[in-house]
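One structure is given here, and the rest of the page talks about it.
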Amino acid sequence: MPYVNIKITREGGTTPEQKAELIRGATQLLVDVLGKNPNTTVVVIDEVDMDNWGVGGESITVRRKAGK
Amino acid sequence: MPYVNIKITREGGTTPEQKAELIRGATQLLVDVLGKNPNTTVVVIDEVDMDNWGVGGESITVRRKAGK
Amino acid sequence: MPYVNIKITREGGTTPEQKAELIRGATQLLVDVLGKNPNTTVVVIDEVDMDNWGVGGESITVRRKAGK
Amino acid sequence: MPYVNIKITREGGTTPEQKAELIRGATQLLVDVLGKNPNTTVVVIDEVDMDNWGVGGESITVRRKAGK
Amino acid sequence: MPYVNIKITREGGTTPEQKAELIRGATQLLVDVLGKNPNTTVVVIDEVDMDNWGVGGESITVRRKAGK
Amino acid sequence: MPYVNIKITREGGTTPEQKAELIRGATQLLVDVLGKNPNTTVVVIDEVDMDNWGVGGESITVRRKAGK
């Protein structure tokens, strides 16, 4: 019954295949480490616009323009 | 002052009326069970793309195609 | 597969019976409004200390002392 | 390493400049109050449709129409 | 800069070693799938009491007693 | 009606006064930047054990022991 939420920035678009791999990998991690039942393990991926994500007091949009 | 977050998949689109009913029902539940003040009860509904939601290690997109 | 998160303040302690009723009610709401499968509906209740919850710029601890 | 999540309604659109100011201000708050390192402070802003946000058992869409 | 939140039930206690493995594995997953920088990948594990987690309209406490 | 969630590690304990200042400051930020109503602005602070928070693939417990 674990619930895994993965938040990433929307930078050019993460492909369905990459999302499927994140879901597969996160589910398998809970199986491997805690023996959890994959059928009741929920994984939700949130993609966040770069204007809406900040680190170091700056948005990712600003940081990317500055080559950070 | 309760905060309720409801995450559902975006499958053909939940109507404004259904969302209003989720908000009404969730608020009333907190009133009925815990006597909370509806005027300070916040309900937020997140709709998640089917590529972005996984169960059993698979995305909902894949599961729907397989009739799950 | 809905995921419902209910955040409430820890004020004298919500009983197991009340939590069970919140879980039952929230699950039933998703069944009634969106026809969701209760067996894959996850409900998580977070209880938050009154020092850690703020409204109107004040913690609930301070507001309760001021009779708010 | 703090993580700050700010959820606001999507009402006409919050500008990139306002989002940058929310990110700057939230980061500075953690520096000022807890001496946290801004370079590892993450701020994520979620904008929620007015149909998807409820208070007092009503969606913000309904409340705005009623002048609330 | 990804943020990963893993919510699990508190059932007898997940050991520090298991938590370290969840953190390592979740971080590595983001490196492998999306080439993310591990040094800015945040993983937060929430442990939830069994009274506070529900599936199928029942708390995990009730389900465990019923051998589910 | 904004909702602000601040997650910080539990390192020796953040005082009630510091939490009150985080609540005050976060609420004021939403007033200053977006003109939001402080009386319906909710701030929730989550304190997370150092074993349960990871960066760079390591828990904060491990990083603190290594002087990071």
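Order of writing sets the chain letters: A, B, C, D, E and F. Residues in each chain are counted from 1.
Convention: contacts are C-beta pairs under 8 Å (C-beta built on N, C-alpha and C of every residue); 3 or more make two chains touch, one makes a residue touch a chain.
Owing to the predicted nature of the structure, the values given are computational and were not obtained by experimental measurement.
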item	value
If a chain touches chain B and chain F alike, it appears here	C, D
Cα-superposition angle relating the copies chain C and chain B, to nearest 5°	180
Centroid-based (C-alpha) most distant chain relative to chain C	A
Chain at maximum distance from chain D, centres defined as averaged CA atoms	E
Comparison of A-C and B-D by number of C-beta pairs in contact, larger one	B-D
Chain A and chain B: spacing of chain centres that average the CA atoms, whole Å	20
Inter-chain centre distance, chain D versus chain F - centres from mean C-alpha coordinates, in Å	14
Interchain centroid distance [CA atoms averaged], chain D/chain E, Å	26
Multi-partner residues of chain E (each touching 2 or more other chains)	1, 3, 7, 22, 26, 40, 42, 44, 53, 55
Full enumeration of touching chain pairs	A-B, A-C, A-D, A-E, B-C, B-D, B-F, C-E, C-F, D-E, D-F, E-F
Chain F partner contacts - residues on chain E that touch it in the complex	16, 19-20, 22-24, 26-28, 38-47
Chain F partner contacts - residues on chain B that touch it in the complex	1, 3, 40, 42, 44
Complex contact set, residues of chain D against chain B	7, 48, 51-59, 61-62
Chain D partner contacts - residues on chain F that touch it in the complex	1-9, 14, 18, 21-22, 25-26, 29-30, 32-34, 36, 40, 53, 55, 60
